[in-house]
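Read the structure below first, then the notes.
Should a chain be cited, it is by its letter among A, B, C, D and E, assigned in written order, with residues numbered from 1 in that chain.
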Amino acid sequence: MTPDVRFELLWPEFLVAGLAFLVFTLDFFVRPARKEVLAWVSAAGLAVIIAFTVPFLLNEHDSLFDGLYRVDSYALFFKVLSMGIGIAVILGSLHFVDRRLTHPGEYYAIIIVSVLAMMMMAASGELLTAYLSLELLSFCLYILSGFALQDRRSNEASVKYVLLGAFSSGLLLYGIVLLYGALGTTHFAGMAAALEGTGGVDGRLLVGLALVVAGLGFKLAAVPFHMWAPDVYQGAPMPITAYIAVGSKAAAFALALRLFYEALAPAYDEWQLLIAGMAALTMIFGNVVAIVQTNVKRMLAYSSVGQVGFLLMGIAALSPLASNALMVHLVGYSVTNFAVFFAITAFYNATGKDDIPDFAGLAGRAPFLAAAITVGLFSLAGLPFLAGFVTKFYLFSAAAAEGLLWLAGVAMVASLISLYYYLQLIRQMYIERAPEDEGGSVTVATPGVLAAVIGAMALGTVLLGVYPEPVLATIREATAALLDTGSAWPTLGSAGQ
Amino acid sequence: MSSMEGALLFALIAVPFFGALVMVFFPADKHSLIHWYTRAIAFVGLVLAVYLFVTYDTDGDLGKYTVDFAWLPTLGIRYTLGLSGITTPLVLLNAIIFMAGVLVSWNVTHRPKDFFIWLTLLVSGVYGVFLATDLFFLFFFYELAVVPMYLLIGVWGSSTDFTKMEPAEGPGFGGGGKFDRPKEYGAMKLMLYLVAGSVLVWIAIVAVWAEARSATGEASFAIASLAAVEYSREFQVIFYPFFMIGFGVLAGLWPFHTWSPDGHVAAPTAVSMLHAGVLMKLGAFGILAVGMVVLPEGAEAWAPVLIGLGTVNVLYGAVSALGQRDLKYVIGYSSVSHMGYVLMGLGTLEVIGLNGAVFQMFSHGIMTGLFFAMVGIIYERTHLRDITVLEGLGKRMGVVGAFLAAAGLTSLGLPGFSSFVAELLVFIGTFRTYPLLGVLAVIGAAITAVYILRLMAKVFFGPISDRWADLEDAKPLEAAVGAALVAVLLLWGLYPFRIVEIIDSGVKPLLEGMGIA
Amino acid sequence: MELYHVELLSAALFALGVYGVLARRNAIMILMAVELMLNAVTINAVAYAAFLDPGRLVGQVITVFVITVAAAEVGLAMAIILRLYRVRATANVDEADTMRG
Amino acid sequence: MDAQAVAFAIVAVVALVSGVGVVTTRNVAHAALFLLVSLASVAGVFILLVAEFLALVQVLIYGGAVTIVLLFALMLTRAEEFSNVRSNPQWAVAAVAALGVFGAMGAVILNDRLDTQELRGPSLQELGGELFTNWVVPFEIASLVLLMALIGAIILARASDSDEPGSGG
Amino acid sequence: MMELAWLIPSLPAIAFAFMVTLGKRLPNWSAIAATGSIAVSFALFFFVFADWLGAKSFPHPENYTFVYSIDWLRAGDAILTWGMWIDPISLTMLGLVTAAALGIQVYSWSYMAHEPRFTWFFAVHSLFAASMLALVMADNLLLLYIAWELVGICSYLLIGFFYDRRSAAEAAKKAFITTRVGDVGLLIGILLLFVETGTFELSTIFAALAAGDLSEGIVTGAAVLMLLGAIGKSAQFPFHVWLPDAMEGPTPVSALVHSATMVVAGVYLVARIFPFFEASDTASLVLLSLGAVTAMGAAAMALVMTDIKRVLAYSTLTDLAFMMLALGAGSVTAGMFHLLLHGFAKATLFLGAGSVSHGSDKTDIRDMGGLRRVMPWTALAFGIGALSLGGLPPFGGFFSKDEVTLAVFLIEEPYRWIFLTVALTVGFMKALYMGRLFFSVFLGRLKPENEHAHEAGPAMLAPMLVFTTLGAVGGLLAFNWTDGYQGFGYFVFAGDHQEAFHPNWWIAAASAALAVAGFGITWLAYVTGSLRTDSIIAKVRPVHTLVANKFYVDEVYQWGIDQVMLRAGNAVAWVDRAFVNDIGVNGPGIVTEKSGTKLRLLQSGKIYNYALGMVLGFLAVAVAWWWAL
């Protein structure tokens, strides 16, 4: 029925899946004391697959199964990003797993599977495939967030995550089905064509769209669908928090961007304001509530809720420029958040504490960690020489170029608010003195690998802030792919003007 | 980088910036090395700035003072640097204050490495703002100049606790009430306020860029090309206030000034110097070189408001200074008052007024640097800044007193010091446009005399208490800094021809570009 | 039996499921309510396939996958709820609220 | 009103009534049984919609697997706690919200009637062919989903020595 | 030599720079540099003066000459220059200032010899001389203003010379701030003229005035505004309060700065811009009135003061007011003449007073008496100075007072008699207080505790006697002695009416008689003791109290500063904290944080609440769309 499917284009996916099975299997043969071998195998495996994938899929542009599965530079970009995120998380959690978790084999394997899920989310050109990939990712994260088996909070996190996740997937699926009913297909290209064709707007379409937005909003942690996020972030094991904050979000945005671009662009007028409003609400809510937090993970959770608001601007603006901006912000956000989260992980590894006052005097106890956290937080706040400055500038310019200046204004105010609570943490680290008792004077040692990951991420944050052009060039390629397939949207770039 | 001057501009920013980065690798306990290294950086900057100032070509082409590099072509962002008659003195100001600040910071022994790294980064940001001719980079450096403030104040600053002060006597010194001002508060407020201002600026930049892009179809952040676009009057009137208030926050525009006294008071000496001396000028410079240039019609429409607020600044700052009992608060409010003259000068939109505004930026920068340096010395020796308690210090600290007096006399507009010339030009500009406000401004200068002389009379004159028997006067290094700053003030106070010529060469084309002159 | 009859049934079941999720406190009951929602989805999918889709397939395919995922979800969620019971001796979700604010 | 309609009415009523039972009963075991009834009625709806294979799947997987897993879980835990579960305090709001959801959807459904075609289902062969050709990628993903659920369940549910109820740190 | 006139102020300025920078290293050279430079300036003055007299071609009737002019600043369309303006008025001032400065510096060598801050004294003294000379030679209002402010600051520094005395510090502050208030008016007036004429150049401004380019309102406004500066500097009512307090400074300072030279800058300014007063009757009337009020008030206060320097200070006020009267009456000649002679006489008196307090360590005249026995030379000098200022013929003061009275006599109706009465009354009072001062200090019985008092050394006596001589014979300057000079009236004039000294005998007789009467009464009161001052005071007790308390003007000012200015400062500072900061600035922050505290309650930690949030979110979207469609 489907002639000439170029199955070979799925090699990267197969390889990743194979790597996951390899790690599962290896787990049986590795002595408990040497489980870190698994991490190295996983990371190295992913690295090799990246090295293979990039030349292999470069300049490939194909739609498998009638557009159900895409092989293009947009997908390639996110594949590489996903695998990169995977490597970072695996290496970053090495010591954490060693000290605080059981089942390392499964841990790494599940991460690899989730990387696969992320890769497929970006490549999906059809709603059901997208949903299944998303569900696969969610399953992995449900497990991972409850991975600290003896930790009440970890369990609480996974309960909340899985129940609300199931609920949201109910909403999402109902929405998908309604869209299917209204448009007769679940393929993005077909949906776009059908949308162009229909004169009036069907009620099912709108309700379906609302449900899809709710379901995706849950995944993105956009207000008011974000409420799981702070609890899960706080409860999940530290590296997994980073992973959820970065990986899951990146994949969800990859999916959302493609969905809105390729499938829903013709109904732009219907949903633009909705997304913009959601973006505004998200950035304000996330940042305002973050102010009053006392737990670092929780504060960062709200901060990343706020960041989602910024990212949503990229969708609300929906132009090539905005897509570039969204993607570059996503990259910057990933690198930056990793720097912060892993530095906090290192701190937590050494001290077992994660409340903001616990960081008092960290600049003296662990200058490197303090510097990394500062770099990261300043970048998140959008201060210059760091990724956040450039990417936010880009994003806000793009939004303004599409007539969403008000939203850009709200975003800037929100970043100002964010600066306040970031400074609270920085103040603890640099201005306050370490408590004399409770081992406050103990220096915080960071293991080499973790230090390397943190260093790399901090360096990335700086490099992206100083000279983003190379990354942007790549992203422009990727967006171009999106534009090619999203041919149903001929007036892109002038929308909103 | 077509010419040597271009390379010098590049170096001006790069030397402190990379110098700071290199300093990261210094051993933290080699204090003397760190001090000398930073002094060397500052000195290089000073040499470059002096060279550029002395050789500045007031009627030649400015092409030789440019650097150009495509940085982010999608958005039309280029790393371009340039020099104009307006920025040349300001660059010099920055170099001088930095040098002075580094020298008076000889007593920083608490984590000096971090201190100087942040300080140097800040300075490179300031150079950047003055030199950047691309709006993105201007903003970029603007933020860079603001950010290190937080830590510089938070870590190395000092808190003011009025509740712990000895009870005040006599009228006039209850001022400020019982306000506990921990340094963290000052630092946080300063940071948030300045970033809030930059948010407004940012909105305006993005709006202008988007508007220009849709008008010309070409993305560019170059100030020159943005200025060439004809924006609708409505657009200009809406967005000019974003520039005016956004930059104005940094310039201490009333009522967005309160970060300034609190911030200055909490900051360590060198930071106060740089901040009041240079950073506040960035705000005024932004209004001038960005707001007015890009949105001239908006500037004209809002000029009465700007000049009005400037007048409020002058009077309000001066009267507030009267009511203070903390030395640094007096000077902090005096800065608010003096920045008012700058804002008034800008608000005149008139060639002499603008000349005056720019000159006042320079002159106030030097003067306030001198002020804070001397107050810093007093505080370092006495651990007090309470005017009601300090008395008769002149007996022991004659040199400090003399320099403080020189700064004070500059501040009250004494001829012979450059502020007089600057204020005179502002007055002329104001009298030509809004004579009544000009009268108020002159009255403001008289009030300045009152609080400055009260301060001098209280702190330096009168019988000295035994408590200060062992007080040490300025060290040779400190005295040298003071003397150098006074010399600068005198040099251009007595013969301002050259510096005004340079400023004029920058102001005239600017006004022509706005279609005014 | 018209399409909208089926749709209404689906909507009603979906609403019931939503009510269940919102109104119950036992984790297992919440899970069951979610199953009701997923059933509503499958009803709709099958109905659209039968009444609307010329190919008549996609809806059924959706249903197959939904049922699969639902089953898997139940399994995983049960494991996690079991864990909850182990560490807290309860399956009431409002007793697992140490993290809030 | 033809037989098909009568049948549909019956299964619909059963599905809804048992659905109400699922969300209102205080006993978890009863809820599970109600769910089973509801699932079975949905299978009936599938049959009416000419999707016999799906009906089979529905009964087998839901009726079998889901319910058994649920009951198994009940057996594992001390059931007395599960026999009297109250609704949470926000049930009234929940009812309004659910009514709102139903209202929104009902309004849409009744407002926009779609043109329908003759009721007919695909053959099992067609479905199978489609599943394993065009939908092979989702199919593979689904299998991974199942695998993950399996592994996750094993990791999370496997009892260790220290695992006593309420012993978590 | 006129091209070198710029050297006259420059030399002391250079000396100042030298002393400030190297004074500590070369302490012995500082006094030499200071005095040497002023001596050269004094010499240069004669060359310039001779040049002036010799230059037959000087441009009458404008009567001024540019000597030198450089571009000082160019901004936009404004070109500001620095130049010298030499005319008889400035020449008169040049002579007075250089002579007084030289003499007083010589005097200070000995008087200040034991001061630790000797160098600083000479440095500021030199700076003062430089700026005062620049002030009188300025060819434009801006330069004049600059020099004006500089002499002000020198005065501040000199009054505050004994800065560790609280009273000195306060007096210095008071002096500067009070004059500064006047300067606000001056600067506004100057700026007003700049805006109207586009220049600070006096010649251009006068040309515009003559051409009628300036409206009457502008002319009057500018004149009155600049007059504010003048009365501030010359300590006329209501700005007179600082001058008596300024006696806190060392006595040579009082002599030079606060009697002979600086305080007359106000008079000089009015003379300089006299065309404005000529053109505006209103401004002239204001000037006259201020002069009259000040003269009466100050003379009254001089009568009751007991501190020797304060009596002299109030007498200075009276004489300054007298000069103002002359200018207001339209006679620059009379004003300048009185200025010159008053300068010499007052220098004599102050140096004498310094010599007295130096020799006896007393300042209150009630503690003195009969000092002529121990300080004969001082007594001689002081006596001649007092008689001169008291207006007794044939001393110089008589001539100048007579000129002033005559000028007032020539005022047109209806004010003529009022001001003439004032002038004559004040003339009488001058004799009274001068007599009181001289007689009670030097005549009568020597008190035992003053027997150790000693005469001053030659370095102090020599300048004193020189000034005495000048003051005594200065009246002769009024007459036509040489070809080029033709008398003071020909030399210094404004407008078109050059005039020779032509006394009105009635006026002269009247004023001479009043002077004699004044001295006679005080002789009776303080020498023979036949007139009891106590009983007179007792009769006018309330008036005496009022006058002795300086009409309570200081109190009013103090009240104004404490209760109005500082309260305003405190209030604004408080508003700034409590409202602008705590509400305006902290407010949004607090609101944000409060809303954070509230919003976080939404995050209840319960799953079903979260799910409800999602459903409500969905419903909100659905409803919004419903509305939108």
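By definition in this document, a contact is a pair of C-beta atoms (placed from the backbone, for glycine too) under 8 Å apart; a residue touches a chain by one contact, two chains touch by 3 or more.
Keep in mind that this is a model prediction, so the values were computed, not measured.
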item	value
Neighbouring chains shared between subunit D and subunit E, ordered by label	A, C
Winner on C-beta contact pairs when A-C is weighed against B-E	B-E
Farthest chain relative to subunit E (centres taken as mean CA coordinates)	D
By mean Cα position, the chain sitting nearest the middle	B
Centre-of-Cα separation between subunit E and subunit A, whole angstrom	77
Euclidean distance of C-alpha centroids - subunit C vs subunit E, Å	96
Inter-centroid spacing, subunit D versus subunit C (mean Cα positions, whole Å)	5
Averaged-CA centre spacing for the pair subunit C and subunit B, given as whole angstrom	64
Multi-chain contact sites of subunit A, meaning residues that touch two or more partners	128, 132, 135, 139, 142-143, 146, 149-150, 152, 155, 158-160, 163, 167, 171, 181, 206-207, 230-231, 292-293, 420
Residues of subunit B engaged with two or more neighbouring chains	192
Subunit E: positions in contact with at least two other chains	589, 600, 603, 605-609, 611-612, 615-616, 618, 622
Those chain pairs that satisfy the touch definition	A-B, A-C, A-D, A-E, B-E, C-D, C-E, D-E
In the complex with subunit E, residue positions of subunit D that touch it	88, 90, 93-94, 97-98, 100-101, 104
Subunit E - residues contacting subunit C, complex	600-601, 603-608, 611-612, 615
Complex interface listing, subunit A residues touching subunit C	128, 131-132, 135, 139, 142-143, 146, 149-150, 152-153, 155-160, 162-163, 166-167, 169-171, 173-174, 176-178, 180-181, 184-186, 230-231, 234-235, 292-293, 298
Subunit D partner contacts - residues on subunit C that touch it in the complex	1-9, 11-20, 22-26, 28-29, 31-33, 35-36, 39, 42-43, 46-47, 49-52, 54-57, 60-61, 63-65, 67-76, 78-83, 85-92, 94
Residues on subunit E engaged by subunit B in the complex (per definition of touch)	71-78, 142, 145-147, 149-150, 153, 156, 160, 163-166, 168-170, 172-173, 176-177, 180-181, 183-184, 187-188, 191-192, 194-195, 562-563, 565-574, 576-578, 580-581, 584-585, 589
